[in-house]
Structure formats: structure tokens, C-alpha cells
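One chain, subunit A, links the two complexes that follow: it is found with subunit B in the first and with subunit C in the second.
Up next is the complex of A and B:
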């Protein structure tokens, strides 16, 4: 089991007048090798949740178990350096997590801290940069002079360079152009599929992660509002949109509409135009299929 | 980090001190400063302490927050105490070490001086604990208004002040974000040895300064794009209103000064 949350609560400025509760009694289990997506309205606690995964924030109530580490509220903090090598966290705003004066130094920062030699770190850095689709000419540049999209990619690469087992990303695709966004989603799914990495992504664009994520988590006001597979998410989309302010993408709304009218609700949802067209074509070819009769009534 | 730094954070309890005119509070604090400087005897110190405690309780903010507010300056207080002990040679000798001796006068004036400092810092925290930065600025503009005749521009000063105050939490937050990013990549400030800690803190300077400049530039652009011109005549969203209570509040400080002078 990669990550287990047992009734985890977290409050900022705990035990002061400015106490602000961010998470309340979260129970969550993420298996090793899962691809999970976290969604929810702004301020629902997504970013706070992610920062508990590698001990950047420590729970103020309950217990977090990550890989071999056990972080319990109120206990004396253990050194967590090695946990952070295994759980890589990319924060929300890329321009706020770069701090060295060249891209290369920034990329090498993690590997060097975890005891790699400079030569190894350099190899890692250039490989990570390549993974996010940037070329080596950027290595000597100042990260603060890059464009927003490049900064974000460098920030992601700086965590990839540490080669963590669990990859946690907070809205990695925001501020990227559509093509880079698709590439990044593909990269994450490749890391997940080919290298067996556990991937946890916060996203506001559900459609981006729908083809890849096996587990969906929806947050609402610091609590878990939903936890389940894509098919369940699609089934409960309407409720989640109404209760949790989830931005349900057109493909889900379309499927739910079609499925409702043609009596396909129990099926695996078809969320791309191609699969949906195929399914409809199959339906029309079935002479005594249930769908045809329904069309007239529903329309 | 923000937990330890209480400066400039308002604590709303809705007491009558919160509702006072910021101009009255500012004037009161200035008079308090004068009174504290004049404190020179145990009796005057006791009176000033009683006066301070009365107002602190009136704000209904737990007293430990005032203690917290004075805490960052403990080294300065110890220093003031030590200097007095080392230099004052009045009263009886308590302890002799070579050519230097500790006198009762040194001990008592050291204690009074350190307590004055503690009182001053914790009491003036009332100002920021009970007033929003916006109101504070408006109050400052009001207090400075008479100086307009001699060419001072209170508006510029208060704009500068409010932006500076506004940026303190932002810059702290940005610093914390970088610290977190470094921790996530294996350099947790809490877990590093001292020398490394120093090196890390120095390495923060560049990104934080760059960030502050970037924010400042963005702010200027966004203000200018909305047509802000410095020195243009402006009206206020909230108008300050002086009530009888404010007058009494200020007068209580005048009384404090008078009493302290008498107890000298």
C-alpha cells in the first residue's frame, strides 16, 4: 500500500487565533502503482492534501502512512529526507519553486541532495529535461528568464530528475498550451505504465486525465466527496457538479445524455468522439437492440 | 513562520478599542511613547504597567499574544538590562569582580529600562492588533494632514506604507514556498546542520528579492492600467468619525503623562 490516510485532519496555524481548518477526517487508500486524479473547487483542500503525501505538512489529527513512513499527529517529527526522494512533489506555481541561478543547477539540486555525484546529477538533469520536451540549450539559462510554460516544465523536470517512486503534481497542466498539456498527460501515463510509478495529479480539466486515471478523488470543503473509478465518476457527474462545483467536461455530459436516452447507463462510458461514434454505430446495426426503440420516446 | 511573526496581524474580538478612531489610537500611542520615556521610578513603572494592562484587557485579546509580540526583542531587553547593570554606580555594592562592581542602583535601573522596553513593544501591538492596515493608513493620513501646509504629501507616505505592509505577508509566503520546494527536493531547513542552514538561507535571498521586484512591477502596471495617479484628489470609501470616546481615550494618555511626571 503506497499511501494510507487514517482520519487525517489538517489546520493551518493550528492552536492559534488564526486557525484555519483545511482538511477534516480524510480516510484514503492509494495502492502502489495507481494513477489517481484529484479534482474539486478552488479552496477545497487539494493542494493541502498533496503536501501531506511527502510530509511537507504534518497532519494535525490522525495518521498518514506513506510507503515505509508513518507520520502521526502530535508525534515528534522524524527526519523525512529519504521519503522525499521517493515521493516527488511538484507545487502549484512553477515560478515560485525555482531558486537556483541556472536551469541546470535547479535540476541538479534534488539529485545532489540525495547523494548523487555531480556527473550523475548532470545526466539525470538532461534526461529529465528531455522527458518534458525541452532541449539541452536551456541548461545554462536563468530560470527566471524563461516563459511561464517553460518554467513549469523545468519545475516538473526538477522533480523527475530525482526519479521518485510516487509522483505528485499540483495542477501541472495549468498555464501550458494545449499541445504541451497533451504531451505532459501522455508522459505521466507512460511513467505510470512503463515504470510502474504511482502518479497523483490535481487537475481542473477532467477530460485531460480521464483516459489515464484509474482512480478519481473529488474534494469538497476539506472532505472527500467522491472516490472511485472513471465509470462511477461519470455516473455521479451531475451530483458532483451540483454539490461540489466540479466542472464536468462536455464529453461526460454528452455520454450521460446519450446513455440516458438510449438506455446505456450500465455500460462502460465512451468518452471520446471516436468510441462514442463506434458505440452508436454498433447500436444502429443491432436490429432488435434496446436503443432504437428508446430513441423515439426520448427524442 | 507566520505564527511566530505577529507584527501587523489583526485579531478581531470586537471590543470597544477595536472601534476607536485610528487617529485617536495613533495619537494615543505617540503619547504613550512619551509617557514611557518619562518613566524613571518604580512607582511610575507600576502605574504605567497597570495602565497598559487595563487597556490590553479591554481589547479582549488574550494577554499571551502581547507577550508573543514582545518576544522577538528579548535579546535587546537583555542587552539594555546588562548595559545598565554594567554602567550605573549608584546605591550599594552587591557583588564585586575585580575593578567592576554591581550596584543596587544599576540593578533597579536596568530592570526599569528593560520593563519599559517590554511595555512599549507589547502595548503598541494594540495598534496593529485592533486596526486593519487600511484604517491605520487612513488614520496616519489624518494625523499627517496638518503637515500638508509645509509641503509634505501624506498621501504618498501612506500609499508607500500600505504597500510595504501589504507586502510583508506576501514576501513571507513566497519565502515559505521556496523553502517548501527545497524541502521537497531533499533540503529541509529543519533537518539540516547549522552551517548548511545558513547557506540555504543566503540562497533564498536572490529568488525572494527577484520575486519582490517582480511583484512590485506587476503592482505598478496594474495600478497604472486602472488610471491611478499619485496625488490626485481622492475621496474615501470609509470616512473616519471622531466620537467623544476617542477624546476620552486620548485624554487618558495625557493623564498618564501627568501622573508619570508627578511620580518621577
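Up next is the complex of A and C:
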């Protein structure tokens, strides 16, 4: 089991007059090797949830188990240093995590800090940069002279360079160009499929992660409002939009409208233009017969 | 909007810029933007979009070439006179909040213009109402969401009544819902006819709403065309790393399979598919 939350609550400024509850009684199990996506309106507790995954925040109620670590409210856990190598966290606006004067130093910082030799760290740095689609010519550049999107990719690469088992990312794609966003989603999916990494991503753009995420979590006011697969998410989209302020992406709205009209709602949803076009083409080429006598509402 | 004789908000003639000579950012750009129009500046990360926005806003000076703003060349001597005509809204809502409250923040720019107090108060309220943040005037920025902060930033800029507005990825840090709301505000501003608008953006919906897209690639101009033309050109979309809106992509995929629809919204597509299905 990668991550288990047992009735986890978290409050900022706990035990003070300004106590502000952010998470309430969360029960959650994320299996090792899962690709999970977390959605929900601003302020619903998504970012707080992620910071409990590697002990940056500790629960003020309940118990968090991550890999071999057991973090309970009110108890001092074992040193968390090695947990942080194994659970890599990419914050929202990760460019704010950059601090060195060359890209190479920034990428090597994590590996060196966790005991690698300089030569090993360099190899890691170069490989991580390649993974995010940047080439080695950037290694000598000052990260603060790069464009916003390039900085974002370097910051993500700096976490990949540590080769963590669990990758946790808070809106990694915001401010990237659309193709870079699609590529990053694909990269995460590859790390998940080919290297067996556990990937957990907070996203506002459901469309990007829908093809890859096996598990969806929707937060509302510090509680879990939904947990399930993509097909269930699609079925419940309308309710989640109304109750949880979820922005339903075009691919779900399109499928629900078209599938509802053509009587396809019971099927596995087609959520990309290619799969939906293929499904519709197949449908229109089927001979109409008594078995397909869906009347819908007349055209 | 005050019209100048050319009817152009911007005229760029062979503009080049670099932060250091080894890495030129923009080279030899020439184009013009008519007053009252809405332009999207698009291109991949690192192509020079934000640099161009700063040149257009008079925050950076070109190394070579001429930028003419509403008929007046942008020079060291004229920049102070031109800059008040231009409002800029940036990506990060946290970096543009100055006041301790929303009201102070909107008033800040007006104070710099030495307006009489009554007019300042009136403008703060008028533009706060316009952006639907009237109920937030006494709030501290930390009490606002990202979308609300961007509304404050826009209200503060509009209160200065500029003719030209530059949005540098103003929606890219917002969540989907706030992004949709910001787009509605931009459309309304465009509809008012009072503003020349320049959006630096990757957002397909925002590009689609604008009049024209100028595509930058490696510091040069790769194309100048309508959003529909842009979204119909897959090679160009690839070059500037854009993805067309979902509805347009679906239509393209259907067309490849011999199904021709002209609809885009989910309801329109369902309406258009239904007769094909029931009459097959």
C-alpha cells in the first residue's frame, strides 16, 4: 500500500484561537502503482492533502501511512528525510523551488543531498532534463533567465532527478503551453506504466489527466466528495459540477450530451476527439434494425 | 476611444530586442494593430511573447526598429505620455496587489494621476461594480481567491481608463471556473468597443474569441491570421504548440471519417448527429 489515510484531519494553527480546519476525517487508500488525480474547487483542501503525503504537514487528527512510515497525530514520527527522497513533491508554481545559479546545480542538488556522487548526479540531471523535453544546452544557463514554461519544466525535472517512488504534483501543467501540458501528462503516464511509479496529480483541467488517471478524487470543503474511476466521474459530472464547483471539461460535456441522445450512456465513455469520432463513425455505419430501436427525441 | 489619424493602436517596424547579444529574443518584427481590435499573441514557451508584451507596454525599449503607439513613436521622450494610455495585467495575481485592501488597490493608480477625490471614489466604485467585486472593497488580498485577485487587477487597470490593454497570460494561473469568468469579462470589454486588446495566451477559447492571432516563433513572426484559420492549420498549431478547442478537434476527426458537421458545442453536435443516426 503506498498511502493510507485513516480518519485524517488537519487544521492550520491547531490549538490556537485562529485554528482553521482544512481537512476533515479523510479516509483514503492509494495502492502502490496507482495513477490518481485530485480535483475540486479552490480552497477545497487539495494542496493541504498533498503536503501530508510526505510529512511536510503532519495530521492533527488520525493517522497517515506512507510506504514504511507511520505518521500519527500527536506522535513524533521517525526521521522523514528518506521519506522525502522516495516521495517527490512538486508544488504549485514549482519555479519558486529553483534557487541555484545554473540549471545543472539545481538539478543535482537533490541527488547530491541524498548521497550520490557528483558524476551520478550529473547523469541523473541530464536524464531528467531529457524526460521533460529539454536538452543539455540548458544545463549551463541560469534558471532565472529561462522563460516561465522552461523554468517550470526544470523545476519538475529537479524532482524527477531524485527518482522518487511516489510522485506528487500540485497542478504541474498550469502556465505551460497546451502541447507541453499534454506531453507532461504523457510523461507522468509513462513513468507510471513503464517504471511502476505511483503518481498523484492535482488538476483543474480534468481533460488532461482523464486518459491516464485510474482513480479520481474530488474534494469539497476539506472532505472527500467523490472517489472512483473515470467512467463514474463522467456519470456524476453534473452533480459534481453543481455540488463541488467542479469545472466539467468539454470532453465530458460532449460525451454526456451525445451519448444521452444516441443511447450510448451505458458504454465506456469516449473522451478524446479520436475515440469519440471513431465510435460515432461506427454507429452511423451500423445498419439500423429492431435491436437499435432507440427513439430518443426526434431530430 | 480617441482615434488618431492612422486608426492604428500599434505600428511596429522592424523591431528587434535582446537581453544579451548572444541570445536575441525578438528579431525584425513588423505588424500593426487597428484600434478597437482584439489580438492574440501566440507561440511556444520561450518564443518571446512576454518580452514583446513588455515592449508594447513601454516597459522595455527596443534595440532596433520603431514602435508607434496611437500615432506617436514610443521614445524615451514620449514614453511618459504614452504609458498612461496602456494598461497591463500579468500572470500572477499575487505580484500585482499593492494596496492593503481592494479599495486601496484600485485607488492606488488613480492617486498617481492626481485626480480629485470625488472622481477617484466614483471610479473605484464604478469599476468595482463592473467587475462584480463591489462587496470585496474592504477585503485584504489574502482573503481573495486567485480569480477575485485578477478581477481586482483588471478593475484597477480599467479605472485608469486606458485605451489599450495587454493581458500577459492573465488567465493561466486561474482555475477552470475563474478562467471562464475572466474570458466573459474580456468578451464584454471587446463588445464595448472602447479598448484595443492584446492577449498573450495559450488558451484555445481566448484565442477563438479574439479577432486575429499573431503567431511568434523563435523571435520572429510565423503567421498573422484569424483564429479559425489558425485552428485549421495543424502544422502551425504544432509549431506554436497549441491545441485546438475540443469541439473543433472533434469535427476534424469526424471529417477524416467522412462525417461533415458544422456544429461545435455539445448540444449542436448531438443535434446534428441525431438525424444522421435516425435516417441511416
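Just so we're on the same page, the second predicted complex is superposed on the first by the 284 of 299 C-alpha atoms of A that agree within 3 Å, B and C clash if a C-alpha of one lies under 4 Å from a C-alpha of the other, contacts with A are read in each partner's own complex, and residues count from 1 in each chain.
Keep this in mind: a residue touches a chain if its C-beta (ideal position, glycine included) is under 8 Å from a C-beta of that chain, and two chains touch if they have at least 3 such contacts.
In this text, all values refer to a predicted model and were calculated from it rather than measured experimentally.
Trainee: Between subunit B and subunit C, which one contacts more residues of subunit A in the superposed model?
Mentor: C
Trainee: Is A:148 touching the first partner subunit B, the second partner subunit C, both, or neither of them?
Mentor: A:148: touches subunit C, not subunit B.
Trainee: Can A:99 be said to touch subunit B (first), subunit C (second), both, or neither?
Mentor: Touch partner of A:99: subunit B, not subunit C.
Trainee: Is A:258 touching anything from subunit B or subunit C once the two structures are fitted on A? First, second, both or neither.
Mentor: Once the two structures are laid over each other on A, A:258 reaches subunit C alone.
Trainee: Return first, second, both or neither, reflecting whether A:198 touches subunit B, subunit C, both chains, or no partner chain.
Mentor: Touch status of A:198: no partner.
Trainee: Could you look at A:245 and tell me whether it touches subunit B, subunit C, both or neither (first, second, both, neither)?
Mentor: It touches subunit C, and subunit B stays clear.
Trainee: Quick check on the output: what are the common subunit A residues between the subunit B footprint and the subunit C footprint?
Mentor: Correct list for subunit A: 93.
Trainee: For the complex, which residues does subunit A have touching subunit B?
Mentor: Spelled out, the residues of subunit A in touch with subunit B are 13, 16-18, 51, 54, 56, 77, 79-81, 84-85, 88-89, 91, 93, 95-101, 109-110, 113-114, 144, 158-159, 162.
Trainee: Write out the stretch or stretches of subunit A touching subunit C in their complex.
Mentor: Touch residues, subunit A against subunit C: 41-43, 93, 145-150, 174-180, 182, 204-205, 207, 245, 247, 249-251, 253-254, 256-258, 260-262, 273-274, 276-278, 280-281, 283-288, 296, 298-299.
Trainee: Give the list of subunit B residues in touch with subunit A in this complex.
Mentor: Counting only subunit B, the residues touching subunit A are 2-3, 9, 11, 62, 65, 174, 177-178, 180-188, 190-191, 203-204, 206-207, 210-211.
Trainee: Quick one: which bits of subunit C touch subunit A in the complex? Just the residue numbers, please.
Mentor: Of all residues in subunit C, those touching subunit A are 19, 44-46, 50, 91-92, 145-147, 169, 172-173, 175-178, 180, 202, 204, 238, 240-243, 245-247, 249-250, 252-254, 256-259, 266-267, 269-271, 273-280.
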